[in-house]
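Following this line, the structures themselves.
Same chain, two partners: subunit A is paired with subunit B first, then with subunit C.
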Partner chain A sequence: MIDPEMEFFLDPSRCIGCKACFHACAECETHRGVSMIHLDYVDREESVQTVPVVCMHCEDPACAAACPADAIKKTADGVVQSALQSRCIGCSNCVLACPFGVPRTIEAIDQMMKCDLCYDRTSAGKRPMCVTVCPSGALAYGPRREIERLRRERPVSRFEFGEETVRTKVRLMLPGAAEEAEMDVAALMAGEERR
Partner chain B sequence: MSAVPGPIEALVGRYGPTLNHAPAGGWAEGGEPDRLVKTHCCFCGVQCGIQLKVRKDAVVGFEPWEDFPVNRGMLCPKGVKRYLQGSHPDRLLAPLVRTDSGFREAGWDEALRRVEEGIRSVQSKHGRDAFAVLSGASLTNEKAYLMGKFARVALKTRNVDYNGRLCMVSAGAANRKAFGIDRAANPWSDIPLARCLILAGANVGECFPVLTDYVWRARDRGASIVVIDPRITPIARTADLVLPVRPGRDSALLNGLLHVCIERGWIDEAFIEAHTNGFEEVRRAVAAYTPARTAGITGVPAASIERAAELWGTASTGMLLHARGIEHHTKGVENCLAAINLALATGKIGRPGCGYATITGQGNGQGGREHGQRCNQLPSGRDVDDPADRRLVAERWGVPEEEIPRSGLASTEMMEAIHRGEIRGLLSICFNPLVSLPDADYTRAALEKLEFFGVIDVFLSETARHADVVLAGSLQEEDEGTVTTAEGRVVRIRKAVNPPGRARADWEIVCDLARRFAPWEKFPYACPEDLFRELRTVSRGGTVDYYGITYEKIERSHGVFWPCPDLEHPGTPRLYEGGRFHHPDGRARFHAVEYRPPAEDVDAEYPVILTSGRVVSQYLSGTQTRRIGPLVDQYPEPLVELHPALARTVGVRTGDRVRVVSRRGELTLGCQVTKTIRPDTVFIPYHWPDRRSANLLTIRALDPVSKIPEFKVCAVRVEKAPGPGPEASSLRSGACGLGPSP
Partner chain C sequence: MSGPAWKEDFPVSWVDDHYVTRREFTKSLGLVSCAACVANGALLATAGAAQPPPGGWPRVLVGRVSGVPVGGSFVFDYPAAGDRCILLRLEADRFAAFSQKCTHLGCPVLWQPGPRRLYCPCHEGFFDEEGRVLAGPPPRPLPRIGIEREGDDLWAIGIRS
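For the complex of A and B:
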């Protein structure tokens, strides 16, 4: 069991795009050589902003609901697991259903795979591999009150997709107050101070 | 005659760069490792703690080392994937000897004999100094010490220098001038205690990723972050204030900040009076750097200059950190001195959360510059031309003082000496000058002129292709030793595996060579710790005092900060406490700096500034990291970064090819249009060779004191290039620098 006190926090505002998480994920004994993390530039022409995405581990996972083979299970401690190898038929329904774009169909094995919150590590009291190596704190793991005490950003776990509300186990850190940052050097040269 | 034997494509086919994607035995061979070895990453001056997974005498992966206090398990992608360099198909498994069409494997006796003969031939015909030794700042302290002693005692040449000449020498010279000691003033643990951080020319997120966590922790506690950079780098993206300085104008900008601090009364007169000399000259010098004039020189708005000065000047604590961005200039030392002036004048030094540091870029950037492999330096930072220092080292080495050669040429000057015919032979270790020195075609021509060229390396680097003999050496994980991190902490490097095949530990190779030129008792070492014991003894009583540091003590305390003068001493994490500096009078020195323009400014013919630097997935000249598949996949080829405003003028969009032309050469690369760079500047990362080499364009202009090249400013012209030809590019051709760009 994962310690219920320990939660996963995702803070893109801290991400430096180094991909240490992406590479470390591929070292896992359960999916060697394949990373379960997505990390992309939002728009490199505009900014160096990058966003890492792990499975958000939804309370009511759309991937599991869309699976015709009942291959995607949630553990008692709230971790949505990778598809069961014996059941997954590689149909990619989950890939299409996930509102966060997390699951992938791995062509070589014709199966879905995704982040399982490093269950082998977290259920043994360790931090997930990506969090452990992340050099910027964009990925964090710990008690929520501790994060709230240390950081200015607020953890959010409710997402509105049109009329659908999705609640997740993983929390996204958002700025405490609305912010707008200038991303164009030419504007900085013209004297517009960053807020 | 050292032209490359045969076509480069054939050498690439045989010796790489080949992209290694999987550990020894492949991904299928999983399971528990035989053991975990606690050691450090081999890339960058942060020297993160890491545990290497070892199975069947091969490093097959890593596990975070969460107890090591500096990085607490954190790593960057280079650290995560570094293990892929070990059991690599390109690895040299035996010495190589040049043939008419390439290289053949040779035995150690033959290879060492050929190197000995090469050295003797050059020295007997042209004098001892005609043979030079090039060394590196990614070597352990033990090897750095050995290389200096090898050159001076065995070969008796004055010409020994290292690739740190391309890295942190400007800051080192400024440190010694201002403080009388060359080390970061504070441990990194002081960063979160600062209320204001100025990061000047330091791409922290890409070059020292783990320090990002320290910067963000400072911000979490309310610190303001000011970044000085012509690009919005990842650390600058969310900074409170970015000063987008025009490349080559840093000394003016730093003078401008000090000007405002003085005008507004944000300086610490009591500190200046009690602990420093020379402030009045600085006060007079910066009087002319009003915000308006500074803005005119630097391209930074006057309001931003005033705001930055206010954030720094009014903060109760502050740290000023810089890196190559202000150091790679013909006024690199002056830029650093201007930064030091700002820290000293505001009294922000020698206290918790107050300090100044260069963030050294190489694995042993700190230790590599301390132990006597520099052209003007004996071990422990001692001066090779100072009579007292010479006597002391001569006595501890057991050689006559007059036999120790005087100061020689910097590595950046050696290429010119080769062109002049003064240097005819070279032995190089841990250095790939063909990729890393400016004006690459000039370096290539120099290598082709050598009568003898020997190389010690683990891979056949682009430079090593020119060698007569290549001695197959060791990776960091194949030997014991120590390195000194960028914060001045001496840490232990552990041997995880043996060198593969017939490759040998670097220090054994160098000792074998040394004993062919000097009596055995001058090089009696049986293990790296023997070298460390001698290094400690030689350093005793000097500024760079390691005497109280032992392997056992390092392991017990997660590293020891020098100076550490005796065995009971706990080490010195923070320098200058109580305002005590290391000049004989205990006071720091101000140095007045007048701004002067870069060696080559833009003009009508070459109207754009070129600046170069790193990307997060590559390290230095890429000898190691261009062979690690996942790192190459992350950023396969260098791209020219340019602002949309410039892109419109040139007529290109992201993905188009652009031709960049300087007075030295030209290259054609794909481009990335982005608003994160000044419109008057283009950026190209420098890790690639041959037709991908940014250093085909850079200028061979040196700082007169530090001899560092001006990598950060030269003038170029940017043109749209015709689209890619029918021959498609591949990742492989990108890593080796050949083939057309995409």
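For the complex of A and C:
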């Protein structure tokens, strides 16, 4: 079991696009050579801003709800696991269902693989691979009060996608946001500011 | 749980998932078979060996030398009443004693003075005068009883497998 005190924090504003997280993930011995996370460019034409895309570990994961093969499972400590190898049929329903664009289908093995919060490490009290190498603190893992003490940004774990509210285990660091602020993703994408 | 019935059969939460795949079931069958195999092996390895009771084997007077002719035999109880054993007087001063329970299915074995062998009539099992299997289904030699002679007295002093 993962220590409930320890939480994962994602701060895209700190990301420098070095891809250290991507490569560290691929070095993990349980899935050697294949990274289960990726790096997104926010608006490559206009900006150099990048975002590490790790799984947000939703309370009610859309990927698992969309899986026809019952291959995605959530553990009692709230971690949404990668697809079970014996069950995944490589249909990519989860890839389309995820509101954060996390799962990727690995065509070579016809399986979906996604971030599982380094369950083998975190359940043994270690930090995830990506966190251990991130040079800028865009990825952090630790007690929430410590992060709140060290940073100006506030952790958010509730997201609005139109009329759908998604709560996550991983927290996104947002500048100036109030405690447990809502983030209306749909409105933001449409270019409308809303608090 | 609310929602459609299939959600109870295929829950997202791993804790609520009681679905057993064919592979998992087959694996459990294999593991249980292996465990049974190992347990049987351990039982077989220890079943043949007589374990001494706490405090060691008792020393029991079982008979007199003058009461048994050379080439003859008699039956006695050792280590407890009901544990039948058979004593053989092979030569004037050579004695051997064995548990009378055949190592095949437990029938009492009988001494045949002519061919000088122990015979189990149930399934035609034969043992030589040292308790070793000569023929038939018995899988192991007969457990041997240690015998000590003191003057005219014969004492049973322990069981060796």
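We take it that the second predicted complex is superposed on the first by the 174 of 195 C-alpha atoms of A that agree within 3 Å, B and C clash if a C-alpha of one lies under 4 Å from a C-alpha of the other, contacts with A are read in each partner's own complex, and residues count from 1 in each chain.
We take it that a contact is a pair of C-beta atoms (placed from the backbone, for glycine too) under 8 Å apart; a residue touches a chain by one contact, two chains touch by 3 or more.
Note that this is a predicted model, so its numbers are computed, not measured.
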Partner chain(s) touched by A:26 [first = subunit B, second = subunit C, both, neither]: first
Partner chain(s) touched by A:61 [first = subunit B, second = subunit C, both, neither]: second
Broader residue contact with subunit A after superposition on the shared chain, subunit B or subunit C: B
First, second, both or neither for A:17, with subunit B first and subunit C second: first
Partner chain in contact with A:44 - subunit B first, subunit C second, else both or neither: first
Which of subunit B and subunit C A:118 touches, first, second, both or neither: neither
Which superposed partner A:166 touches (first subunit B, second subunit C, both, neither): neither
Complex contact set, residues of subunit A against subunit C: 60-61, 64-65, 70, 72-76, 81, 86-87
Subunit B-facing residues of subunit A, complex: 13-20, 22-24, 26-27, 29, 32-33, 44-50, 127, 129, 132-137, 150-152, 181, 183-186, 188-191, 193-194
Touch list for subunit C against partner subunit A, complex: 10, 12-15, 17, 19, 21, 23
For the subunit B and subunit A complex, residues of the former touching the latter: 21-22, 27-28, 30-31, 61-62, 64, 66, 71, 73-77, 79-81, 205-206, 209-213, 216-217, 219-220, 230-235, 237-242, 244, 299-304, 307, 616-617, 630, 634, 643-645, 654, 672-679
